[in-house]
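In what comes next, subunit A is part of two complexes: it sits with subunit B in the first one and with subunit C in the second one.
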Partner chain A sequence: MAPPTSPSEARPLAVGRRAGTGDDAAGLGRARAAAFVAPALVLVAVFLVFPAVWTLYLGATDYRLTGIAASDPKFVGADNYRDVLGDGGFHHSLWLTLQFVLGSAVVGQTVLGFAIAWVMRDRTGPLRRLVEGLVLLAWILPSSVIAFLWIALLDRDDGTLNALLGTPGTAWLLDHPMACIVVFNVWRGTAFSMMLYGAALGNVPPSHLETARLAGASTWQTLRDAVFPRVRGHVLTSLLLVSLWTFNDFTPFLITAGGPDRRSEVLSVYVYRTALGDGRLGFGAAVALVMILVNLVIALLYLRALRGRKEAAA
Partner chain B sequence: MSAITLRALTKVYPGGVRALDALDLDVADGEFFALLGPSGCGKTTLLRTVAGLETATGGTIRLGDADVTRLPPGRRDVGMVFQDYALFPHMTVLDNIAYPLRIKKEGRARRHGAAAEAAEYLSLAGLEQRRPGELSGGQQQRVALARALVAHPRIFLLDEPLSNLDARLRLEARTFLKRLQRELGVTTVFVTHDQAEALALADRIAVMEAGRIRQLGTPVEVFRRPANLFVASFIGSTPMNLLPGRVCGGSVAVAGAVLPVPAEERGSVEDGESVVCGVRPEYLDFSDVPADGAFGGRVSVVEHLGASSLVTLDVGDDRVSVVVGEDREPRPGDEGWAVPRPGRVLLYRDGELITGAAEAAEAGEATEAGEAAAGRPVEPVAGDGGAE
Partner chain C sequence: MNETVREALRRIGLATFVSAVLGFFALPLLWLAFAPFDANPGITASLPEFTLHNFKVLMDNPYALASLRNSVLLAAGTAALVVACAALAAYALSRVRIPGRDVLLYLLLLLSSIITGTAAMVPVFLLAFNLHLIDSRAGVVLVLTGGLLPAAIFLLKDFTDGTPVSYEEAARVFGASPLQILRHVVAPVIRPGLATVAVWTVAQVWGDFLMPFLLLRNPDKAPASVIMYTFYTEGGQPDLALISTFSLLYSLPVVVMYLFVSRRYGFRFHGGIKR
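Entry: the complex of A and B
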């Protein structure tokens, strides 16, 4: 153990030493360390662990919103989960959600966000502020306001888009509901990727970009050799967050309400409709739990990719 | 033919900062050329403008006989080493060196062959498969040099090449760089804020201030006869003594001493004129007995420089520094006299060196002594006070 640098530091350290563990770097002792962590743990337990466990419990009952099962829910074991996995509606929603996540989060927001960040990287002045302001505005406005704007944009009779394109009477939300919510979500969420990549591009040393320029590299070669290797970690982090948020996003409901004919019923909307619309709380809870598991799998995949990258770098 | 020809080169940054101010410069073929100056003087901007990383606001840049002013950097055929080396951390040493060839779409075998050859030449053999993170600072620098050289560029640009190395390695790298440049004979321009580095490495130096070249000359010229007070105070590891004086008859009264005006300058000064008298501490001899034309005073500080000491004399209200050899150092409080060596006292009027008729002979001799790239003429260029 290193000698204390001054006598005044030695006394508080002695308390930690009595705890006797070698990994007690802060010298707090087990009890005090636990006291420091407790508030955070309580918050996590109340807001994360308890709801998850409660969902697990609900999913194992036939709890309903109304009727006999509402006052006296019965334990049905794994029945709900079996039903969920065999349910055509669930498969359909899962497939739509996959399209939604891949289309709007992975491809749309990431590519568009990166492109804007790259184009704006050494711009300054009004143009940059305008672009950033508009993109951020899409991100910070309340969902209900945004939804109203989009319905006004896409409306069949008096929609702005039809007026712009000269295609009166095209019912975008009825004819292309998935495309609508994908484009909507790209528009709405690009700001996050843009800001994250903007910061990441700041991490690429200017001399690396200039080395590529001096060698005569094209934009694509510069991105491949100088930029992507530097920002890979940021890309993975952004992809993780954006795909989780998109997977759980409920805003599409405000625009298409899952319709027409369930053609835009992503999982969060499906849960809402089965649990609160049909009143099958137990079944809805089971779907929700499956969603949690899917989220966990996505998170694990990304974490694994991140770790693999770190090992490769080391 | 000059390797680099700059005419009226001007760079104004948005916001009105004038980094380069109508600058003219010729760098000869095969020359090792230093751009020296304090930070913000425009030396790095000049290098980057030659490389094409900055676009000139006005003027022309010619490399050889081609006007490259509007060419993008990739088509100027220059190799550049950045201050931080800018090696790609995810590539091996060999891939890093081969990078310019890869962009030029050379075949894998050819580019790896050329890269291995360059690595061998820069004593990097055996390190080809390592990543930059596993190399020492000096090795990283050599990888960056190899990458800049692998495509056989027309000119070679170095941005503060030694500043990222620790003091010991710096001397080693300095010798290495000088030998490398001599062997390859490639025209090389480097930027530095360290006057010792510029004096040691360069065949010629341009001392810059505020976007202009204040003096252009060989290290010997720049060191012995700074053309103005800016260069005089910037060059030299021990600062030059600059003392106010007044011309009186054939001599200058300065800091209690009366020094004769050098014969060749006698015609250029008038009686009663205010001048600044400059003499390097290295060109003063210390004496503990009074001498004619010497600065007499009391020793206030003695600083050890290794084989010699820097002694500061309080001469009236002025301070005069003298370099004293070992074992001859006085003690603080002693009386002492500093005797200027003949021909080493410089007179400045309005910040510019007063030059006389016999100047050309003096400059010619200095050039010969310091000239390394043999056969190159001394070019009279605007701002060059030493070679008129």
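Entry: the complex of A and C
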């Protein structure tokens, strides 16, 4: 339940393929096999599946963190869902989330990641290691450390950015909170796209690129005609994955906490504030259900794209 | 002539792009590199007047080292539980035809990607509350394990599928019992897979902020991610000597793990070490 968990892109799921040998080489037997699977299933059932199902019920109650409704929550049916869908704060947050996902993941990380992978494709040596190392560092460092680094970078009085640009006193996080977390997330997550497209570009036959070069094709034409058809499957699946992760990312909370004045309150932060900040657990659960549904749509598309890619490869 | 101009422009464009990328990614990290060793650490990144005094400030803080210990406890506990449960499940699912196996795997994968920490924080909080797991490290370990297990089972099952069954068959011919085969034949063969999952789990838990932030109340139990956050959000002027050294110490294990993994496996498993 920690950060979004998803299987690796390079070794995707075994669903749809004949899994293993299935002939029980060690003579385990079905009963013992079931006993082996049981502990994992119990943990997943209690701490992953049950909370999700419970969200459905909680969203239909007036459960609160404190007060009367905390000890004796009432069933209120679809009221919360109606409230959520009619809530201006929710619409606002949904709109910000859309900007966040489209701006930072779909456009930012994908374009920058691809561009870096493209430029570095046939380079070796220290420059490539330096670039890749820095991009990866941004990705692997703990989020609370990264968050402070960005707060320091964008600080109004002594921030490095203001010192560099010669714009002392510009309060980036107060004046442009959304732009800040979008740029931040591009910085944070580009590594995944870079590595994925790096691997995908390795699958483009060098002869195709050579032919394009000899034919005098421009970079753009080469990308469009020789490269893109080869990496299309990767683009689709990685777009869905980074969208899913960005949609569920809680790191904006560490930088702006949704502020100022809720101007950077993406859905993950909105759920936190309504449910645990304001104590409206029922309402928060209703918002959470909306999030789960969005996740479900993205995940189903992802699994379908993955299967399509496998069939295309077979 | 035209060709040379175009080639020159291309090179200039390329160099500009690479420098911009380098600048963009290095800029926020500069502070982390310099401030810990600066005698007067400020918010602005600047070349330090070298000192190690800041690390003494770190040692004197009652929460700093304790929180790193808590992070180790959470990461090690979760990794042990995830590896043990995932290994058993993955092996059984890989080798034995259990009815409904493919559906089960598909559902696990789907659920683990749609039920994320942010989407499930409300019920997880209430669940922990009702099970008296609030302010308990074991509670955090259990919740994190539940979330990480499906992906871990997948990684390991894939790995087990790729290992030959001939060793197991041979051992069986020589009269080894199933459990002996598991311990002495299967475990050594899938050890690299187990190590991968362990490293992956530790990296996930080490950086996780949301679950311990939600479920732990007592600052004595909080891991480094949460303590780091309180250092710069709670109370007055942030102590930059403390924050900078703590950030560095807290980040180092992840970097070391990454170097270890990339050296050992060439960082082939995308999305592996994180997420």
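Here, the second predicted complex is superposed on the first by the 249 of 314 C-alpha atoms of A that agree within 3 Å, B and C clash if a C-alpha of one lies under 4 Å from a C-alpha of the other, contacts with A are read in each partner's own complex, and residues count from 1 in each chain.
Here, a residue touches a chain if its C-beta (ideal position, glycine included) is under 8 Å from a C-beta of that chain, and two chains touch if they have at least 3 such contacts.
As the structure is a prediction and not an experimental result, all values here were calculated from the model.
Engineer: Quick check on the superposed pair: does A:76 touch subunit B, subunit C, both, or neither? Answer first, second, both or neither.
Structural biologist: Neither subunit B nor subunit C is touched by A:76.
Engineer: Touch check for A:235: first (subunit B), second (subunit C), both, or neither?
Structural biologist: neither
Engineer: Could you figure out whether subunit B or subunit C reaches more residues of subunit A?
Structural biologist: The partner making contact with more of subunit A's residues is C.
Engineer: Would you sort A:143 into first (subunit B), second (subunit C), both or neither based on which partner it touches?
Structural biologist: Once the two structures are laid over each other on A, A:143 reaches subunit C alone.
Engineer: I'd like to know which partner A:272 touches here: subunit B for first, subunit C for second, both or neither.
Structural biologist: Touch status of A:272: second partner only.
Engineer: Contact-wise, after the overlay, does A:135 reach subunit B, subunit C, both or neither (first, second, both, neither)?
Structural biologist: A:135: touches subunit C, not subunit B.
Engineer: For A:43 in the superposed arrangement: first (subunit B), second (subunit C), both or neither?
Structural biologist: second
Engineer: Could you look at A:213 and tell me whether it touches subunit B, subunit C, both or neither (first, second, both, neither)?
Structural biologist: first
Engineer: Using the touch definition from the top, say if A:221 reaches subunit B (first), subunit C (second), both or neither.
Structural biologist: first
Engineer: Subunit A residues touched by both subunit B and subunit C?
Structural biologist: Residues common to the subunit A contacts of subunit C and of subunit B do not exist here, since the sets are disjoint.
Engineer: For the complex, which residues does subunit B have touching subunit A?
Structural biologist: Checking each residue of subunit B against subunit A gives 51-53, 72-75, 78-80, 82-86, 88-91, 99-100, 103-104, 147, 151.
Engineer: State the interface residues of subunit A toward subunit C in the complex, per the touch definition above.
Structural biologist: Against subunit C, the touching part of subunit A is residues 1-11, 13-16, 19-30, 32-34, 36-37, 39-41, 43-44, 46-52, 54-55, 58, 63, 112, 115-116, 119, 127, 130-131, 134-153, 155, 157-161, 163-164, 187, 192, 195-196, 199, 241, 244-245, 248-251, 254, 267-268, 271-272, 275-276, 281, 284-285, 288, 291-292, 295-296, 299-300, 302-303.
Engineer: Quick check: in the complex, which residue numbers of subunit C touch subunit A?
Structural biologist: 14, 17-18, 21-22, 24-32, 42-45, 81, 84-86, 88-89, 91-98, 101-102, 105-106, 108-127, 142-151, 153-155, 157-158, 160-161, 165, 168-169, 171-172, 178, 181-182, 185-186, 203-211, 214, 224-226, 228-229, 232, 243, 247, 250-251, 254-255, 258, 267-275
Engineer: What residues on subunit A touch subunit B, complex-wise?
Structural biologist: 205, 207-208, 210-217, 221, 225-226, 229, 313
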